[in-house]
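Each of the next two complexes has chain A plus one more chain, namely chain B in the first and chain C in the second.
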Partner chain A sequence: MLTDIVFWVLAVIAVAAGVAVFVVDSMARATYALAASFVAVGLSLLLMNLEFIGVITVLMMVMEMAIMAIYMIMFMGMNPALMPMNMVHSAKGALSVAVGTFAVLATGALFIPWPSRRGVTGTDLTVALGEALMGPKMLVMITVSPVLFATIVAAIVLAAPSGRYDRLGDDLRRRSATARRPEGVQR
Partner chain B sequence: MTLQTVLLVAAALFSVGLYGAISQQVVVMVMMGLELMLNGVILAAAGFWWFLSPAPDGQVLLLVVITAMTVEMAMGFGVATLLHRSRDADMTDMATDLSQ
Partner chain C sequence: MNAVEIVQVSAAWAPLGALLLLALATVATGLDGAIAARAAGHPWQQGLRLPWAETARLLRQRRRTTVAADRLLWRTAGAGLLVTALLKIVVVPLGAWTLSDMSVGLVWFNAMDILVWALVWLAGWGPNSAHSLIGGYRFLGQALSYELPLMFALTAPATAAGSLRVGDIVTAQQGLWFIVWMPVAFLVFCAALMGFSVWGPFSTPFGADIAGGVLAETSGIDRWLLLAGRWALLTAGSAFGVTLFLGGGAGPVLPAWLWVLVKTGILLAALVLLRRRLPALRPDRIAAAAWLVVLPLVLLQVLIVSVVVVGRG
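Moving on to the complex of A and B:
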């Protein structure tokens, strides 16, 4: 009973905060609302005994939203990030698509005859997850690791101000590049 | 708390995120919409795991979804930075030529 009450409270917070992301006046508030939604979902995972996944969801998303807030202030400037804004296009069409998607998903959730529960949870799910990743589910680990490494490299390449071709042109053997801006004491 | 209720909440989160991903003009807000959609996917996956087959190995699926979310975020920030640096654009409407 208590679990049900907690779940519904968290569910209402998660959805309300999710709606608030696109309703509130400023982008900074939208970031906080998204963080609240993620925290509510992370706490819901704890109700399903997913301690490790729930905690990393909360920790990761809070940090991510902090970075997102910095990005918004960086790109939009301090004032636009905190001032009222309404930058949408084809809002009615998007709303129709969203409502239609919810109707289809909700219909499936309510009317599909889901099978009954099979299997039991282990005693320590965090240890079990680690053992699964290092044992029978090693393929997931092998796939995820290079993907994350490739993501780091790709993100740095994309975000770097210039590559060596930008700096040196076609002559990559030059020892030093032409300064992008005048440098030194006599500039 | 039943599987149906968990899936309903997940569907609501996914739909709200979909609305944001389609309707928002600012690149970072589009990313927030995608994040919200994946938030719903995480909840739905957890619900499936808990109510249908709570074997310990099933948690790996959730880890994959969280990894996908991380990759999406990192690449999104990278692309947003590149767009901003190369053409001073922070809105999707300012980069429509990329689809051609």
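Moving on to the complex of A and C:
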């Protein structure tokens, strides 16, 4: 009973905050509405006794949104994102795609014959998760991690003010120039 | 020393936990006030009144509003710091009792200190004021520096105990406190603790050079909540440090719950006394040191702990 109430409250918050992302007119509100939506999803994972995944979802999503707010405001083109602004582009097309996707996924979730559980859950799901990640799924992890990491580093190298454009000039032809601002531990 | 069995108590005890947290935070604020009064040439007893005097002053103050403020986010963020501190102590055992003995208590604490990222930035964003916003950005800048070393510092006790459950980490320290063989992790934790409390050397987001930064446009209860929230975060963090590294309730003669309070008080007092000896750290300068020096050191600490754990079998 209590679990049902908590589930429904979290579900309503997750969906309502998700809708709010597109309704509000401020970059900060949109970002943190998305964070609130993810936090509700993370907390509802606790209802399935997936404690580690639930709490880590809250952790990652809040951290991610805090960083995302900076990037969105920093790179929002000529529009100073500190002002109120519309959060949607090409609203009609986006809305139809979104509603269509939701309908397909919801229909699938409701009508699929869900398999019954085979075997029993381990006593410690966090340990089971860790063993799966470090064991059979290790190949996936060691492939994905360097790619993600390289992407992040490449993006920062391109975007950082003391990055390659600063050192190498606008056409990247200048060689061995120093950064405009000192960097590293010694500065 | 007898092993203390950690038991989960009813949620009805939560208000008592909150009261203890606020009481310890008040004592720390009073101590800080006393030191400040002495440094200014006044009798130190005057400073002890600081938390009460400030509270009385701020509660009578009118609330300030600014043009086009994002009031929803501003107020949420203002109240959030104190709430976060209260959510943190949910997993901190007071001797044998804990409010939540969840299996991932350590990750819960970490998730709560990530909430501070959002809250401080939002508190800076809310009033629609340049100085406040700069304060918010300063905090995220320093958060990027302290958070990763903090995460690995938290990993060390968890590795040694073989569990993310805070109760297991306390039990694993019976006989030898973790501070003895993971001093680097403890020091990094203490630095990060000042970081997520936006306090001491990490208080530039509230700096006088930007007119108070995140505090700039606040008055009355809003200002009180931010200030009290920082002290509460510092206290909650100290209590967690005691739990992770200083043996929790372990100690002779006194009961376990009292030892937790005493040790938390000592750690808090040490931080307050140390505060005036440390310079303010510029967020843009600590990044390189944090990532190139501190992070490898704390990783080395985790490696040593892991080797010891594997060696013990």
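FYI, the second predicted complex is superposed on the first by the 143 of 187 C-alpha atoms of A that agree within 3 Å, B and C clash if a C-alpha of one lies under 4 Å from a C-alpha of the other, contacts with A are read in each partner's own complex, and residues count from 1 in each chain.
Simple rule for what comes next: contacts are C-beta pairs under 8 Å (C-beta built on N, C-alpha and C of every residue); 3 or more make two chains touch, one makes a residue touch a chain.
Nothing here was measured: the structure is a model prediction, and the numbers come from that model.
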First, second, both or neither for A:F102, with chain B first and chain C second: first
Touched partner set for A:V58, first chain B, second chain C, both or neither: second
Dominant toucher of chain A (residue count), chain B or chain C: B
First (chain B), second (chain C), both or neither touched by A:A66: second
Partner chain in contact with A:Y32 - chain B first, chain C second, else both or neither: second
Touched partner set for A:S90, first chain B, second chain C, both or neither: first
Doubly contacted chain A residues - partners chain C and chain B: 52, 56, 67
Residue numbers on chain A that touch chain C, as the complex places them: 26, 28-29, 32, 35, 51-52, 55-56, 58-59, 62-63, 65-67, 69-70, 82, 124, 126, 183-185, 187
Chain B residues within the chain A interface of the complex: 1, 3-20, 22-29, 31-33, 35-36, 39, 42-43, 46-47, 49-57, 59-60, 62-64, 66-67, 70-71, 73-75, 77-82, 84-85, 90-91, 93
Residue numbers on chain C that touch chain A, as the complex places them: 70, 72-73, 102-104, 107-108, 110-111, 114-115, 117-118, 121-122, 125, 133, 137, 140, 143, 147, 164, 285, 288-289, 292-293
Complex contact set, residues of chain A against chain B: 3-4, 7-8, 11, 14-15, 18-19, 21-22, 27, 30-31, 34, 37-38, 41, 44-45, 47-50, 52-53, 56-57, 60-61, 64, 67-68, 71-72, 75-76, 87-91, 93-95, 97-99, 101-102, 105-106, 108-110, 114-115, 117-122, 125, 128-129, 131-133, 136-137, 140, 144, 147-148, 151-152, 154-159, 161
